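Note sheet for the following structure.
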Amino acid sequence: MIETPSLVDQYCHGVLRTELGLGTFEARLARTEGPPAPGTTLFDTQTGFAVRRWCPPLLGLEPHCPPARYLARRRELGVREAGRRLLRGSGITTYLVDTGLSGDLTGPVEMAGAGDADAHEIVRLEPLAEQVADTSGTVESFLANLAESVHGAASHAVAFSSVAGSRHGLALAPEPPGPGEVRGAASRWLTDRRAGGELTDPVLLRHLLWSAVASGVPLQLHAGLGEPGRRVDRADPVLLTDFVRATAGLGTDLVLLHGYPYHRQAAHLAGVFPHVYADAGAVLLRTGAGAATVLAEILELAPFGKILFSSGAHGLPELHVVGARLFREALGRVLGTWVADGAWSLTDAQRVAGMIAAGNARRVYGLDRAAG
Amino acid sequence: MIETPSLVDQYCHGVLRTELGLGTFEARLARTEGPPAPGTTLFDTQTGFAVRRWCPPLLGLEPHCPPARYLARRRELGVREAGRRLLRGSGITTYLVDTGLSGDLTGPVEMAGAGDADAHEIVRLEPLAEQVADTSGTVESFLANLAESVHGAASHAVAFSSVAGSRHGLALAPEPPGPGEVRGAASRWLTDRRAGGELTDPVLLRHLLWSAVASGVPLQLHAGLGEPGRRVDRADPVLLTDFVRATAGLGTDLVLLHGYPYHRQAAHLAGVFPHVYADAGAVLLRTGAGAATVLAEILELAPFGKILFSSGAHGLPELHVVGARLFREALGRVLGTWVADGAWSLTDAQRVAGMIAAGNARRVYGLDRAAG
Amino acid sequence: MIETPSLVDQYCHGVLRTELGLGTFEARLARTEGPPAPGTTLFDTQTGFAVRRWCPPLLGLEPHCPPARYLARRRELGVREAGRRLLRGSGITTYLVDTGLSGDLTGPVEMAGAGDADAHEIVRLEPLAEQVADTSGTVESFLANLAESVHGAASHAVAFSSVAGSRHGLALAPEPPGPGEVRGAASRWLTDRRAGGELTDPVLLRHLLWSAVASGVPLQLHAGLGEPGRRVDRADPVLLTDFVRATAGLGTDLVLLHGYPYHRQAAHLAGVFPHVYADAGAVLLRTGAGAATVLAEILELAPFGKILFSSGAHGLPELHVVGARLFREALGRVLGTWVADGAWSLTDAQRVAGMIAAGNARRVYGLDRAAG
């Protein structure tokens, strides 16, 4: 048996602090534009079935029990206690938490406490810029404050993340924009913008990416399905190839999140470029019983030292559980089959499992250093 | 064992009424541009092998018998009797028949009789427009007659289908064209056109799509490999994203046919948009022994209430048989494995199988209403 | 058991004549832009694991032994003797060798001798044109010498190969460029070029492709991951669709090499166009334990008479071994499973295995004629 005793979740969000009913819980199981179609429910998805498989036992119920029964038990325990039991049952020992989403979500400190785990912050670039814009009066002050904010974040965050792919698409000009270009774009954006307005300008998105690259802190880029975007093919990670080439040798690692359905392309980039890493977790949450297939596809081209687990969970601690359990089981099944076939040695399989589950993330994000 | 006692074939064509020789039968096994390469035969394809597996027993022969023997037996029985035995052995209890292809093909009534099944008509938009053009003298009469034809079709058809993807590509402007634009395009098309000329103008293709959307009848869109087209990537269903978004909330369902090799993208759209459904059948006919892999990939992201079986068969009743048998076996294998692994409960698997095989189609196409 | 007693490697390169240390050997296991990331090694890849599985036993060591031990044994035997043992253990009986790569690589005659096999030459078009440019003074002499070189190569080579996909991308205008266009492009290229300069001009790349098509000798086109290129999606084989259509019926076969991650698209083209063939080997070397999955995906749409084995090996005889063993094992597993499931008959499976392993290549490249 392939064991992964410790998991570093290299990308997730916090959990909701509020009690959820059946409908509000269901709405968190998928990312949709609109309510479920008449006659359908989001519980009838891979994610829904995976939640019903893995989570009821952690709250003292039988696997696959009906959603209403599960939700009743969850409310009986209360959101805090249920969350505590779920997170502690996930097998995750370190959470890297992207704090850039709105909503009443727990932060890294609460995640660490509830999950009896370590936790570190990931700073999302676009909301950072939007917050700076909300409080800056002029283009000059915006750009100066932004530089300071990125610099400040770099000193405490373990990574930056970017959703440029869903905001604009990944077909961005690969080189850093010039100072005049940035000033012009900032001026237009600040003029047109109302407080809270989203950053979608490609010049400013590139400016953010390059500011992050300059910091030396690993940069996580959403690709493929990661964030609901305008069109999924516009987030195909191959569109990043020239940006990747432009950032080679600068000392900053790039981590391609999600990737699916272009995860083979993400794995290819991780194989070609020394500073590129591929996520092999977040999508498993969505593909459920099909997780082993997707994981095996990532393992085709990506070097084993370049693959990182994440849950990609957001809002429900059930999703942290499911992301972690699906990953562990899929990894055990895929590597175990290869060992049984004689393709891999058991020693190698065990070593690679540890790398993907935790070791690679510890190295890339400097967690042994950060935790010290 | 996962059972699917009743199948609704949500997309197929009729069968040929003429006797076929070895060569004419072989030519129907694949969609090619030109005859088989020297030294090769289209029987040496997944479809050919699947026909040899499933069909001989229905005509009293052993599985995998040589093609010449099978064809001899088929001629011995006669095209009508062979067709009757094949269709009745398919397990399909309702056929939705696209009548928009030329050739000496049986219509819904004959399909129902031969197959001892229900049958309903799907009206293909582009041939409908071409027939109207053949009989309309002016732009005004063409547009008026077209509106009337679409309206009339909507009253008896269970769905419209469109091959805009293979005629032009799915990268169409998402919004409905304006009346002046439509008139201009119609005028140019009618002027240049000879009788029988194909509709490929993107403005008129969009006008047809929006006319269908306005009718409220489900609209089936060929995507991926469905129809031999100019370039398969131009039929990638992600190209429909903006059209899908523009039609959200209007009350008309969109069904993405085929999808392969972009079926994961089709499944993604079915997951994000309440009014989008994904086909999980027609491609199985082509992928044969690989059907379970493809079906499992569709089941990764598409909610289980959004997946519909079809055979995609055209011309040969053998293809209805093969489409249905491959689907049943693949579904049984995929879901059965998940149950055996503990990922799904048997009850859920059985329920989902019934939804994909028939229930979802009955709901989307209002078949219980239509049949009543 | 499915047997493939004889393998025709339809695409490979020679092996290095120099002794290799651990680092120089490792660097040959993958195609990267830069050295392995800190803390990682290219031995921790599917290719590295496959080499450690299959090659040590051929040199008298146990499978999966540590890289350093394997390299020590390799040096102990010497590069010639190690190469001899490896190539003779590969199961390959005919090598088609692309001689267009630089480096101290063995040619077809040495490959035949070392491997106790037949060997034939594949001529790569772009280096051929570059050599002609190096020795031609004027545009006129360049074009005349190029025509003569292509003609000469066609008389002894079994195939031409092209890397237009990685030099420019496969989105080339489909028709042959006119004579004036070619002259203009040649003039610009020769003027700007220093000796050894690479050919990347799209007009000249097309001119080469059409010169090869005119020769009647099969033309191999790198697609997908074949050669490290500018962006992998620019080598998606679907981009060749219009070129394929333009060359239909001219009597020259096109072979799509690699294809991955767009191998389903390559298989689709092989299914639609009589003169198109799909490679089902070179990528297996990269995907290792995942080889059976990729091979099964190619077998979904490509007719079985249109699929050809290759190792795609370059530089290390270990890669010829691994390419061949992975292919044999993957083919045996995929077809064996289908036989066990009753989907295919054993007779058919055995026949198809022989076609893909050797028979199709013998027919397409006229090897029985060439060897006579």
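By letter and in written order, the chains are A, B and C; residue numbering begins at 1 in each of them.
By our rule, a residue touches a chain if its C-beta (ideal position, glycine included) is under 8 Å from a C-beta of that chain, and two chains touch if they have at least 3 such contacts.
Model, not experiment: these values are computed from the prediction.
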Exercise for the section: Quick one: how many steps at least from chain B to chain C, stepping chain to touching chain? Expected result: 1
Problem - When chain A is superposed on chain C by its C-alpha atoms, the rotation angle in degrees, nearest 5 - result: 120
Fill in the blank from the handout: Taking each chain's mean CA coordinate, chain A and chain B are separated, in whole Å, by 37
Fill in the blank from the handout: Note: chain C residues in touch with at least two other chains are 293
Exercise for the section: Enumerate the contact residues on chain B facing chain C in the complex. Expected result: 30-42, 44-46, 49-50, 52-53, 63-64, 225, 228, 230-233, 260-261, 286-290, 293-294
Practice task
Spell out the residues on chain C that touch chain B in their complex, using ranges where they run on.
Solution key: 236, 238-239, 241-242, 245, 248-249, 253, 264-265, 268, 271-275, 293, 296-297, 299-301, 303-306, 338, 341-345, 347-348, 352, 355, 363
